[in-house]
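Common to both upcoming complexes is chain A, partnered first by chain B, then by chain C.
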Partner chain A sequence: MLKTQTPILAESPAAPPKAASTTGRDLMIFGGLLLLLAAAPLVLYPVFLMKVLCFALFALAFNLLIGYVGLLSFGHAMFFGGAAYVSAYTVKAWGWTPELGILAGTACAGVLGAVVGSLAIRRQGIYFAMVTLALAQMFFFFCLQAPFTGGEDGIQGVPRRPILGLIDTTRDINLYFVVLAIFALGFLVIYRTIHSPFGQVLKAIRENEPRAISLGYRTDQYKLLAFVISATLAGLAGATKAVVFQLASLTDVAWQMSGEVVLMTLVGGLGTVFGPIVGAAVIITMQNYLAGFGEWVLVIQGAIFVVVVLLFRRGIVGELAAFLGRRT
Partner chain B sequence: MNLKTWLLAATALGLAGAAHAQSGDDVIKIGVLNDQSGLYADISGQGSVWAARKAVEDFGAAAKGMKVEVIFADHQNKPDVGSNIARQWFDRDNVDLIVDVPTSSVALAVNDVTRQKNKVFINSGAATSDLTGKACSPNTVHWTYDTWALANGTGKAVVQSGGKTWFFLTADYAFGHALERDTKAVVEANGGKVLGAVRTPFPGTDFSSFLLQAQASKAQIIGLANAGGDTINSVKQAEEFGITAGGQNLAALLMFVSDVHALGLKTAQGLIYTDPWYWDQNDNNRAFAKEFAAGNKGSHPGMTHAGVYAGVLHYLKAVEALKKEGKNESDGSVVVAKMKEIPTDDRLFGKGTVRADGRKVHPMYLWEVKKPSESKGPWDYLKLRATIPVDQAFRPLDQGECPLVKKT
Partner chain C sequence: MFELIGIPPQALFGQLMLGLINGAFYALLSLGLAVIFGLLNVINFTHGAQYMMGAFVAWMLLNWVGVPYWGALIIAPVLVGAFGIVLERLFLSRLYHLDHLYGLLLTFGLALILEGLFRSQFGSSGLPYGNPLPGGTNLGFMFLPWYRAWVVGFSLFVCLATWFVIERTKLGSYLRAATERPDLVQAFGVNVPRMITLTYGFGVGLAALAGVLAAPAYQVSPTMGSNLIIIVFAVVVIGGMGSILGSVITGFGLGIVEGLTKVFYPEASATVIFVVMAIVLLVRPAGLFGTAK
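So, the complex of A and B:
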């Protein structure tokens, strides 16, 4: 997959020569990461790793919006959880195969993203965040009340059917590699988006929107498309998570989930390519290994958030990159 | 939660991780999965962990050459958290048995995971009668009580003493729905009428608007299809609104002795509820309560804790029997089959059986909360109103729609 992608990226006419070298470096890092992840189940518990991957993809999708367009969405749980419900429901109630369920969930998140995005992108800054939060809360209460979501119980016991009729997903290790492939696909889509001419325009909008308008770009369309891509990929992450955990519940659509993804992105590094992956890994590991503290995990997360904001604002990956940049 | 509890939890998790490499098949691992910090922490929580450890000790596992470990975790009353922990316990930490699991939605999720992994699940804390009905599993035993038994006990008694019209305040999740459904059936079968119901968010703190709806319905009885902190809050607020003083009566469909303790007798007096186990019922129970209080800062055990104790004890007996026969005791469905085969006998519930659908049956009792003047001191709260014999206490085997029960 990497080999086929690299030439396309190198040929990209808009990519300046300097960007081509960082592209090569980034993809090498990503290749190394994939190798590491492929070997990880030998040491770590596959279900835990799948959770990390799902949340990493979710954070990557979120980062596309905040890191590259400068839009802070506070309602991404709506896409993540909405897709989780759709994929869980189609697989459980309609007997669809997991890949179809994931596609259905992802598509629904995309449609939802188009609707929400077309409303939300009319405003910037805090108003944008508030609009997305308000719509996400409406969606949360819809999920609480709608009969098909099962209310507080969620949709439980989603069967793990073979994927494409071939891959037996009841074995965690098989499913792990499917999730890894989905994650890699999502990453490459985002990477391609960021490093395309389209991505350059997004960055221009982030830096100075009136100037981008004055250059003749219809910024609203660019922002909407970025929002839809972000929502769709967040949906892909949510739909995959529902298949992995065989469960879709209110936790996935609650506002805390929207907050968590902000935290992951900030801890990892806003606007960096790998930051969200690191951030997701850090936060999920914390949640997993500090689970014994119960609700106190939230307090610990809050403390870490404060530390990150005070001491290394660029996040783990951002600071690391800056450090390496200074040395060379 | 105090510092010691956290440390214990952290150690348990650490041990769970460390033990992964060494734990062979000869170690029996029991995971107590319940609410350690939220609204059901008093009715399950550390008390259940203590009860599980006590059962292991009383069984004399060490003397019989069986290595038994007890670990615990907090499911925060969320099905996703609960099923994740269960999955991780079974896959990674070689847990053989999960006990307790209050909160019906979580219990149903754990029920699914346990069946998939073919381990054992003994539920004591959750109420939904679906665990031995539509969702029944060859890997699950439901020990202490269920919504059918509560409805049958409290619902029938209240209708027969004149409470003909009902309005439900229902916790909006699996448990509340099941309790409302089962009680409604009992009320209507006994000639009562249900005027309406309102679903309240779970867990809730402010029940005022729902209580006003209940008041406006002019029903004689307001049935509280909720539990733990929700019940405490709604009973308190009903008193503050003068609903009870205004002639409407509350029927707390699920109460625990710790709820009465939290409410105080002044507020709770006169409430009628169904419970299979009360600490002051006989000498055995009192002895158990004394030991429990010593290990739990003076708090007294409720039916959930008793169920955990008895369930773990019965599980260990079944495992011991299988070992003697040389059968594979790590196969969950085989163990549960054995638990159904041998009669139960313990100091808290006496002799009893586990039915084909996984339902443990024993008599249920109808209790009334004492007036403050009748109580001799803290934790002396209940007086017996009626005994529901074992053959009437639980839903008849053929009415549960459990696929495990062969139709004749």
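So, the complex of A and C:
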């Protein structure tokens, strides 16, 4: 009993393959969610909502790896923060338009993902987590020393230029709908990925990698591609965040950020379609209310980790789905 | 000879000594991680926080109770180890039947809690801890502070003693057997759960011991653990967790590599261990002393 191990997430609700019929329902839920988000600025601050959307996309990208390939990356901040630096720098120093800056940041995150991924997938399980954490820390030190990142100050005051020459982004509400569109695009890419034949192979790797290999799949290539997609979308989230908050700083690449995205996904539900969105909303809201408590935020975040791991491993959406007796 | 490449021997050996001290901490911490992982199948993310706690307990013993360094060297590891045992019984023991990653996430959460508590109590800046062994000796090519010599010598002794206990004694043979087949060992009448608990306490105690040793060498600060643990993870990836001596050699070796980098290319000294890790992953993915898997 002591050494028997169940595969990662074996008790998560998403573990069994889904029936095709859930696709329609998922997309209906997502459509409803988009409508809700489109109306949300009427009652909530657009800047707060944009923060939630950026982190929700970040958590969705992270969830693609942990939830559907079973790889725990403890270094996703490097893609998020790296892309934030690139988009902030290109927009501020080179005078690029925001959409080009976001594209550049996203592309850089993808390239970084290919390099880091090809190293990290050489080890499995626990070692994978340690390798990604260590490489992200290396990237952190690189950002700390590199001349273009502005060191401890970061890149501040990134100008908000019109997007596509049309949309005036100095008005938060305009930018909000741009961010919402980016978020929706990212969600659909991930949704398409996990419901494609490629995604089925990923799930097969998660459940039993030796068996997937014996069936003739080159699992390393699948894992690497999944890692690159995840890193790219994490970069998209980070690059967008830099444009929204006009800021890229060391906070974005620090290991605490990697921990935060793990927490968001865990709270929402590892391996669920909507869990990361819910988790990001919960954690960002919590941070908003606890901002005045200083160091206690760390304690509370740690306590949430402990409680969720011990009692609610399926996360909010996972528990809800189990309660409703169907799979989300 | 050293003047030829423009490095005065004082600076070279001074940095080598600092490297060896860092290596001593890497060795003690990665040894504790390896011992814990062997039996519990948990990567103890709290290890860094427990190292930090060791340093803080030493500081509290000195400033609040008046127990000097040499007393703290024994009391702090015992106290922190006992605290580790409580954590294991309360939380970790509930996760052994699950994937390793849940253990990592749980101990990460515990590390955040501990770091946050100490930060709210003591602030983020460091507290000084007096050097119990001031002075040193001039070896001709370098000045050797007594305390640094003591740290390197004592941690080497502790590492070798741990190796001896695990590889050469009856208790160690039980431990190694339980690492392979806990169910069989339990069937032979050994209380494996208690052994697991005590092993965790021992690993945590090693981390706290490293913390006490670090207190006079560095400042005592709440963030000292989280900065170190990530490097130690890289050390563990480089060395692999299969071999006790392997962890010790890798720890000291990487400390020396880091020290040398500080002399010849200081800009890279913060990242050199991660670069070594990347190279090892390319050349020998299982780690220098690791076996496949």
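As a working rule, the second predicted complex is superposed on the first by the 307 of 328 C-alpha atoms of A that agree within 3 Å, B and C clash if a C-alpha of one lies under 4 Å from a C-alpha of the other, contacts with A are read in each partner's own complex, and residues count from 1 in each chain.
FYI, contacts are C-beta pairs under 8 Å (C-beta built on N, C-alpha and C of every residue); 3 or more make two chains touch, one makes a residue touch a chain.
It should be emphasised that the depicted structure is a prediction, and the values quoted were computed from it without experimental measurement.
Undergrad: In the overlaid three-chain picture, which partner chain does A:Trp296 touch, first (chain B) or second (chain C), both, or neither?
TA: Touch partners of A:Trp296: chain B and chain C.
Undergrad: Considering only touches as defined above, state whether A:Thr285 meets chain B (first), chain C (second), both or neither.
TA: In the superposed model, A:Thr285 contacts neither chain B nor chain C.
Undergrad: For A:Gln200, using the defined touch cut-off, is the partner it touches chain B, chain C, both, or neither? Pick first, second, both or neither.
TA: Touch status of A:Gln200: no partner.
Undergrad: Looking at chain A, does chain C or chain B touch more of its residues?
TA: Of the two chains, more chain A residues are contacted by C.
Undergrad: Kindly classify A:Leu310 by the partners it touches after superposition: chain B alone (first), chain C alone (second), both, or neither?
TA: In the superposition, A:Leu310 contacts chain C only.
Undergrad: Between chain B (first) and chain C (second), which does A:Glu152 come into contact with in this model arrangement: first, second, both, or neither?
TA: After superposition on chain A, A:Glu152 lies in contact with chain B alone.
Undergrad: Is A:Val47 in contact with chain B, with chain C, with both, or with neither (first, second, both, neither)?
TA: Touch status of A:Val47: first partner only.
Undergrad: Please indicate which partner A:Arg123 is in contact with in the superposed arrangement: first for chain B, second for chain C, both, or neither.
TA: A:Arg123 contacts chain C only, not chain B.
Undergrad: Based on the superposed arrangement, let me know which partner A:Thr97 touches: chain B (first), chain C (second), both, or neither?
TA: neither
Undergrad: Can you give me the overlap between the chain B contact set and the chain C contact set on chain A?
TA: After superposing on chain A, chain A residues 144, 294-296 contact both chain B and chain C.
Undergrad: Can you list the chain B residues touching chain A in their complex?
TA: So the residues of chain B in touch with chain A come to 1, 6, 9-10, 12-13, 36-38, 73-74, 76, 78-81, 83-85, 87-88, 91-92, 104-105, 108-109, 112, 116, 172-174, 201-202.
Undergrad: Which of the residues in chain C end up touching chain A in this complex?
TA: Answer in residue numbers: 37, 41, 43, 91, 94-102, 104-106, 108-117, 119-120, 181-183, 186, 192-193, 196, 226, 230-231, 233-234, 236-237, 267, 270-271, 273-275, 277-278, 281-282, 285, 293.
Undergrad: Under the definition above, what is the set of chain A residues touching chain C in their complex?
TA: 1-11, 72, 119-120, 122-127, 129-131, 133-135, 137-138, 141-142, 144-145, 255, 259, 262, 266, 294-306, 309-310, 313
Undergrad: Which residues of chain A touch chain B once you look at their complex with the stated criterion?
TA: Against chain B, the touching part of chain A is residues 45, 47-48, 51, 144, 151-154, 156-157, 170, 172, 245-247, 249, 251-252, 289, 291-296.
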